[in-house]
Amino acid sequence: MKELLEIKNLSVSFNTLKGEIQAVRDVSLSLHEGEVLAIVGESGCGKSVLCKSIMKLLHDNAYIKSGSIIVDGVDITHYGRKDMERLRGRVFSMVFQDPMTSLNPTIPIGEQIAEAVRVHNPKMKKAEVYERVISMMDLVGIPDAEDRYKLYPYSFSGGMRQRSVMAIALASEPKILLADEPTTSLDVTIQAQILDLLKSLQKKLLTATILVSHDLGVVSRVADRVAVMYAGKIVELGTVEDIFYEPRHPYTWGLMRSLPSLAKKGQELYTIPGMPPTLINPPKGDAFACRNEYALAIDYEEMPPMFKISDTHYAATWLLDERAPKIAPPVGSIR
Amino acid sequence: MRHKNIFLYYIQKFIVFVLSVLVLSVVVFYVSRLAPGDPLYSYYGDRVEKMSDSEREWAENQLGLNEPIHIQYIHWFANAIRGNFGISYKYKTDVIKIIGGRLPNTLILGGIGFVLIYVLALGLGILCTWYEDKWPDRLLCKIGTVTSCIPEFWLSIALIFLFSIKLKLLPSSGAYSIGNGENVIDRISHLTLPMTVVVVSHLWYYAYMIRNKLLEEVRTEYVLLAKSKGLSKKNILFKHCLRNIVPSYLSIMAISVPHILGGTYIVETVFSYPGIGTLSYESARYQDYNMLMALCILSGALVILCNIVVQIVNERIDPRMKKDEGLQVSEVIEIG
Amino acid sequence: MDERFVQVGIRPVTALPVQEKKQYKDKPIFSMTVFMVIAMGCLFCNFFITKDPAYMDLYNTNAAPGAEFYFGTDAMGRDIFSMIWYGGRISLFIGFFASVISTVAAIVFGVFSGLAPKWADDCLMRFTEIFLSIPSLLLVIMIQAILGKANVFSISFVIGITSWTSIAKVVRTEVKQIRDSEYVIAARCMGAGFFRIMWRHLTPNFISSIMFMVVMNIRAAMAAEATLSFMGMGLPLEVISWGSMLSLAERSLLSGAWWIILVPGVFLVMTLLCITDIGNYLRKSVNNRRSNL
Amino acid sequence: MIVKGMVIIMADVLLDVQHLTHFFKINKNITIKAVDDISFQIRKGEIFGLVGESGSGKSTAARCIMNVYRPVSGKVIYKGINTCDPVEFRQNKKLLQTSRQFIFQDSTSSLNGRMKVEDIIAEPMQIHHVRPKRGTLRSEAEFQLYYVGLDKSYLDKYPYELSGGMRQRVAIARALSMEPELLVADEPIAALDVSIQAQIINLFKHLQKEHGFSILFIAHDLAVVKYLCDRVGVMYHGRLVEVAPTEELFENPKHPYTKALLSAIPVPDPRLERVKGAVN
């Protein structure tokens, strides 16, 4: 499979009054054509920042410290505003978390989609644009598209707005779709519909998708591959089966075990002790060590490299070193 | 709000306007009656001092001054509605006539100043937003803060001193040279200094407001979506953000009417420009209450009118204000 | 076995302390210093002024600045250097006092309107709108006419009573917001009384959002005093303030005595500028999100 | 509503909600029936879950129960006191305000940002002039804080200096300081991360075991409810469509909406999800 997007040793930092926040630390990742890659992690682990830094949507106090972003074989790490404007929408496009605020309240939905169509096809005729907008609205499942064209966002419910946002994002047929927690602010039943839509669109259009989520359930529903992020780093990367059935990183174990849906009633729910570290002065060695009951002495000294487990499965923990004691994973491979 | 009958909607707004002006007139009337000084003065002037007691009583009866204050108000109001605001104590003529003669001058100064302020404020606001926190923005903010801190009267004097007395370039007072009222160039030269003061001393206040509104707007989430679909910075700022601040822009305009009007009054006084401002200044000095009342009500009514017009316009153009209208398009949850 | 690979489990890790950089760049240090110098100079002027500010030296009218009169003398032969510091007290006092009056009025009005039922709130808002519709200069003139001859307190009162509306509107919106916020609901569930909610919950939370406006009101009040005095409707000539000093300015235009215009004007503008700068800082520190554009 | 096969002994019932109804008037023409004739009981020492989607009226119901809103009709009987009756409420004000406590979803807005943690926790004690058992209010606050798993260094901090999980712990400490018998928790974990959620859920469970109070636990996450609650009520458009013991509800949902809700939850099991996806 062709690699559409390749991120090499990317580090992104923010300058704040409190100091440098190292939001993304040395992340390497690749996205293949037509796959869904999910990035999971807790809030503040840098998953959103990673997404936005690909599209250069970060605020001006953020900067790429090192590493490179390669899209379709072209290095875009140092692209300026004009160059990015050319790429956005056509090459990659984004769906945001809150559909209530991500649409302009004073412009009709249809117009907002039309705008997205026109950006990269300035010569398109009015009727053609209209046609395309209607077909996009049909595609994302907004019924009676022609009547809804002129409606303003306030008369759309959350789910319908998220569908509109997806229509906007897909209007110029991007190769990569970045979805930043697209269902977090929606209800469960609506969430299911949007996820199904996302999956079916992805099948139909073969758009490579990066899905950012904190919900392991959502991830298991749509993802092909999963990257688990913790404190700005990717700690485990693999296919969805790898991650859910044979997790190797203690943090992934912790995440799985603390899910109430997997816990038995009456049993104590497992909790990961402590809190995630601040990213201003991240601890030396493995950032997860101080919350990890399986931590090795070296975890407090040295950052673990990515260990290869199989062709698709990687994890960054010293437990995979051949010198480390063998530990039976507390979760996975049961079902 | 959706009104099936658009006519009813305007009637409603009109009633609000009339009621507001009514309340305003009540307040102004009572306040002016509270003021020290004999109300007879405002009708008979210096003659009051020479009146005997019986003459006085007759005059008071004639004018209804013996009656309770609310009856007096009704009389006064009945006259006012016919355009009779009484006689000016200073000018000994109908108040309305004097005002009518002065009004155009103020409208020219205030009106053109108002338009200039708003056009320039929008331009500066956009410029500052485009270059937020870069040098053009910082420089403009610094200059703007300084100009907004200079009181109008002092700026006027400084400009008079510089341009009229030292450089002898521009006239320092009046609306035109005597006998030269029809000469446009003469008028413009008289207008230049006062207009400069009106614009300079108000401009930044509003430009800064618009800048802040725009900055608020570019911090919203939809800008990110617009950006991610590939719109250029220019398009986002002009097509999305600017459009969304139009209602607040109009509201600011409406609120600023009394503010700019007040500023014009001060400038008029310093430049002895024959407008409403000098008139109100004089009428206050000479306790010409009939005049002062009429001026207050006139200015107030103008401002209230502007407010209501802006309200109507905003309700028509801003879809955010029509939220209750129409049906909600939502997902259908299949049960079963 | 390598001892580095011994399982040790959870060890306490002391995170490196996060130190917030002190930011002097954005703080209005310069303005604050200048303002303090002016304010202190006015407060302790007795110790260094060279002449009696009220003494009219009729031999030295309209004297240019020089060794004897640092800033010259005015048309009545008074020493401007002494008057500046002496008169600054009154100007600053009026600024602060008027601002206190308007803030108190605004808080009372705003809180009442924010907590009142909808119809009462509507009425009060209409009233403010009507109040706002008269240009404040006209309003001041009228009220001043009622109160009679101006003195320091009456002028502060007049300025204060005509400039509370904008703060009141902000207080009202804030109170409405805070009233429905969950911590007030929580306090009500706990049984907190009206005054407790008012004092512990409402006030501390809206103070920060009106602080900027209160500071700006000081500036507006000082400018208003100067304007009124200049126009002859504020403080009389005998009461020395920056405004009343400037009321001689128009007459000195023709005599070419620029210092009578310039000196009090520069002091006034400097003070207003410093206050504005401090006020702007207060506003900025409230809101520091970043642009998406 | 009495569920078949279950006899509720009146003495055991702590809170009895009968035909509770509440409307919101938007304008002349539109009224929203936020809560529409719901009835349920909570027994002593029971964790009762209320689930539903946003806008289903679960928060409104909680607020009616806590006397934030006065319901349009219906009764809320707590320990034999009809709390919706203003007279009865005033007579038993202190009891009602101390023995029932409220925990909110958003800990940022439910804690006053201008008060220190110490003052926040001590506030209910101050209001009701409760004599602190451990001497001073500060030591009492310190104890409550320790109880929810925070040390005393947090006493002098402001809410914005804490993380979401810590803030929620402070909110719980505040509620516990009054030794309540009924805790109404309105989506207390919805805004938290998975690992922190687990900590708070455990905290609730521990505290409940130790104190034996009842909890009305409102959530939209069925997995949490399944793990934590003894009985569950499902709300849909203001109505309570189903009330059942937890196992029964999850194994054998009766109402179609409950079924839809259950099938919509994504399970962290890709193979299972794939099968589900294929069915859809």
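We just call them A, B, C and D in the order they show up, numbering each chain from 1.
Everything below uses one rule, namely that a residue touches a chain if its C-beta (ideal position, glycine included) is under 8 Å from a C-beta of that chain, and two chains touch if they have at least 3 such contacts.
Owing to the predicted nature of the structure, the values given are computational and were not obtained by experimental measurement.
Peer 1: Which chain has the mean of its C-alpha atoms lying nearest to the mean of all protein C-alpha atoms shown?
Peer 2: C
Peer 1: In terms of CA centroid distance, which chain is the most far removed from subunit A?
Peer 2: With centres defined by C-alpha atoms, farthest from subunit A sits B.
Peer 1: CA centre of subunit B versus CA centre of subunit D: separation in Å?
Peer 2: Distance between chain centres: 54 Å.
Peer 1: Calculate how many whole Å lie between the centre of subunit B and the centre of subunit C, each centre taken as the average of the chain's C-alpha atoms.
Peer 2: Comparing mean C-alpha positions, subunit C is 24 Å from subunit B.
Peer 1: Could you grab the centroid distance between subunit A and subunit D? Build each centroid from C-alpha atoms only and quote it in angstrom.
Peer 2: 32
Peer 1: For subunit C and subunit D, what's the span in angstrom between their mean Cα positions?
Peer 2: 47
Peer 1: Scan subunit B for residues touching two or more other chains and write them down.
Peer 2: 220-221, 224, 227, 233, 333
Peer 1: What are the residues of subunit A that contact at least two other chains?
Peer 2: 57, 189-190 - these are the residues of subunit A that touch more than one other chain.
Peer 1: If you look at subunit C, which of its residues touch at least two other chains?
Peer 2: Counting only residues that touch two or more other chains, subunit C contributes 290-292.
Peer 1: Going by the contact rule set out above, which residues of subunit A touch subunit D in the complex?
Peer 2: So the residues of subunit A touching subunit D come out as 42-43, 187-192, 195-196, 199, 214-221, 223, 240-241, 244, 254-256, 258-263, 265, 268-272, 275, 335.
Peer 1: Which of the residues in subunit C come into contact with subunit B in the complex?
Peer 2: Answer in residue numbers: 126-127, 129-130, 132-139, 141-146, 148, 219, 223, 226-227, 230-233, 246, 249-250, 253-254, 256, 258, 261, 265, 268-269, 272-273, 276-277, 280, 289-293.
Peer 1: Using the touch definition up top, name the residues of subunit C that touch subunit A in the complex.
Peer 2: Touch residues, subunit C against subunit A: 1-13, 15-21, 23, 290-292.
Peer 1: Would you tell me which residues of subunit B are touching subunit C in their complex?
Peer 2: 20, 23-24, 27-28, 31-32, 34-36, 129, 132, 145-146, 148-154, 157-158, 160-161, 165, 215, 218-221, 223-224, 227, 233, 236-237, 241, 255, 258-259, 261-262, 265-266, 269-270, 280-281, 284-285, 287, 292, 295-296, 299-301, 303-304, 307
Peer 1: Contact residues on subunit A for subunit C in the complex?
Peer 2: My answer: residues 17-19, 57, 59-61, 273-274, 277-278, 280-281, 283, 289-298, 300-301, 318, 321, 323-325, 327.
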